[in-house]
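What follows is chain A paired twice: with chain B in the first complex and chain C in the second.
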Partner chain A sequence: MTNFAQQVLEEVTRIPGVRGALLVSEDDGLIVAEALMEGVDGPAVAALAASLTGRLGRATRALGKAAPVLLHLQATGGAVFSAAGGEGLLLVAVTAADVNAGLVRLSLLDAAGRLS
Partner chain B sequence: MSDDIQTWSAQLASDPGSLVFLPLAEALRRRGQLDAALAVAQGGVSRYPELADAHDLLGRIRSDRGDTALAQEAWTNALRLQPDLVGAHKGLGYLCYRAGDLQKSLRHLESAMELVPDDSQAQAALQRVRGLLAQPLRPAVGDPFEGGEAGTLLVDSQGRRLGGVMLRSDGTDASDAMAAELSGVSREARRTVRLLGLGEWHSLYLETPGMNLVMQEPRSETLLVLARGPEVPVGRLPLLADRATTLARRWMDKLG
Partner chain C sequence: MRAIEPWVEGPLTTFLTESSARLVLLMTSAGQVIAQHGFTRSLDVMAAAALGAGIVASTGELAKLLGPSPFGALVHQGTNQAVFLAPFTTPRGRWIGLVVYGKETSLGLIQLFFNRMVEDLSQSAPVEHARRAVLAENFEHELNASLRALFGR
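Moving on, here comes the complex of A and B:
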């Protein structure tokens, strides 16, 4: 699992503008595997992405929907993406602001599907 | 629930002609396993094309997947087979509401109420549609809560609804429950991007099976949520959200 996960994360980081990708435990926000550029705070990304995903999952359930399969937080200086990877795992990516968001979205959904 | 699904799956595997496909597909739908639910329901409809409940079930699954036209077709088939099927009237009432056809929505919801007068879901949906029909026509421009097919909601920092409405796929009102759960989301989004050195957040997109949501912060500590079916292209959501956010700011300015 770890080698395969590492391979999947490295594929995601090959997209120009992706500064790091992590596999994160949804319950406790801990890192399972990571492929990060220097300067990206992995534990912070993992904890924050898991917390936000959990909160938004409660909101979508209030709407009678399942938990989100993809989350995209866009900011002026970059973005955070998080995809449900199955078995309580999240596939998270941190990107620059000018990344191809459509490509990251498809790549994460594809990678999350392979990890499920 | 998981045990039930396993039991029903085993029953269906050993006896493909069993009507157990009905509770099995419904349980899968409720768990959000919409592809699996659809496969089971389609198998059931193929085997029992004259069974109205099977078409009704297919309508619910199609609706959850955002396949509006196919859901409408399934519920229409259900009513052709059994004109007094409450679920199909409620489903079509909701679809017509989403499409903005309030008169047709009203007719279906009234039919549902005649059949089951104490159905609280249908009653709430009927009251909402009657309320909308009673309102004078307003120009769409300038109102951030107009034009939402599935919902537009504005929430304050304490989890209270400021405006708009958010409906579940069965037509019940999820506005207050959503507002409560969304309390603090804008704060958490701000904290996340600040700690990661990403500047200021401006949009949060969520994709769920059958529905996509986009959130923005028209004013500090308020959250605007737009929910749209998957038939709305992902790239159009930010444009819709930008427009709604601008209108929401003006709307709040008018409130003072």
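Moving on, here comes the complex of A and C:
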């Protein structure tokens, strides 16, 4: 699983503008596997992504809807994408602001599907 | 929130706001309480501090038996809440943080903001000055003063 996860993360990081990818435990917000560029605060990204996904999931369930499949948080200096990877895991990507968001989404959903 | 050392309040308040922890206890490695949030009875605080310091001491000894590097944080995960227990170094010596948190937050957030609180505490600590020795005849007075600071009575 670890080698496979690492391979999947490295595939995501090959997209230009992606500064790192992580596999995160959804309940704990802890890193399971990572492929990050230097300077990216992995634990902070993992905790933020898990917290956002958890809160958004609770909000949508309270509205009677299914949990979101993919989360895209766009900020001034970059973006965070998070997709459910099955077995309580999240596949998270940290990107530059000008990344091809569509390509990142497709790649993450494809990778998340293979991890499930 | 109550603190014996006023300079602890800022970093602790930030931690509580950011992490959504339910209960927090900061103590020395000997189990002396420095600050607390969420506890309502002094007996609970004293017991939690003594038990927390005991757990850190015993896991520290276990770490010495098993290898050269000491353990970091200890997490006990329950059904509805969890306990995070971690020793850390401050300019005032080695302290221990005991944090109880629920499902409204996560271990990742607790760890993240706990580490930031430790950095803030190191920066906020006033320059150490000569401490008064606590004499036997002053012990009860000192203890009562600490309890008043922690529980406001």
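The rule we apply is simple: the second predicted complex is superposed on the first by the 116 of 116 C-alpha atoms of A that agree within 3 Å, B and C clash if a C-alpha of one lies under 4 Å from a C-alpha of the other, contacts with A are read in each partner's own complex, and residues count from 1 in each chain.
Following the convention adopted for this analysis, a contact is a pair of C-beta atoms (placed from the backbone, for glycine too) under 8 Å apart; a residue touches a chain by one contact, two chains touch by 3 or more.
Small disclaimer: the values here were computed from a predicted structure and weren't measured.
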Evaluate whether chain B and chain C can sit on chain A together after superposition, giving fit or clash.
fit
Touch check for A:R105: first (chain B), second (chain C), both, or neither?
first
In the superposed arrangement, does A:V94 touch chain B (first), chain C (second), both or neither?
first
According to the stated criteria, A:S51 is in contact with first (chain B), second (chain C), both, or neither; which is it?
both
Could you say whether A:L30 touches chain B, chain C, both of them, or neither, answering first, second, both or neither?
second
On the A-aligned overlay, A:T60 touches which partner chain: chain B = first, chain C = second, or both, or neither?
first
Should A:T76 be classified as contacting the first partner (chain B), the second (chain C), both, or neither?
first
Which partner, chain B or chain C, is in contact with more residues of chain A?
B
Considering only the touch criterion stated at the top, classify A:P68 as touching first (chain B), second (chain C), both, or neither.
first
Go through the superposed model and pick first if A:P43 touches only chain B, second if only chain C, both, or neither.
second
Could you tell me how near the closest CA atoms of chain B and chain C get once both structures are overlaid on the shared chain, in Å?
9
Contacts on chain A seen with chain B and repeated with chain C across the two complexes:
44, 51
Can you list the chain A residues touching chain C in their complex?
24-25, 27-30, 43-44, 46-47, 50-51, 54
How about chain B: which of its residues touch chain A in the complex?
31-32, 64, 166, 168-170, 172, 174, 177-178, 180-182, 184-185, 188-189, 191-193, 195-211, 213, 227, 234-235
Can you check the complex and tell me which residues of chain C touch chain A?
105-109, 111-112
Seen from chain A, its contact residues with chain B in the complex are 40-41, 44-45, 48-49, 51-52, 55-56, 58-80, 94, 97, 102, 105
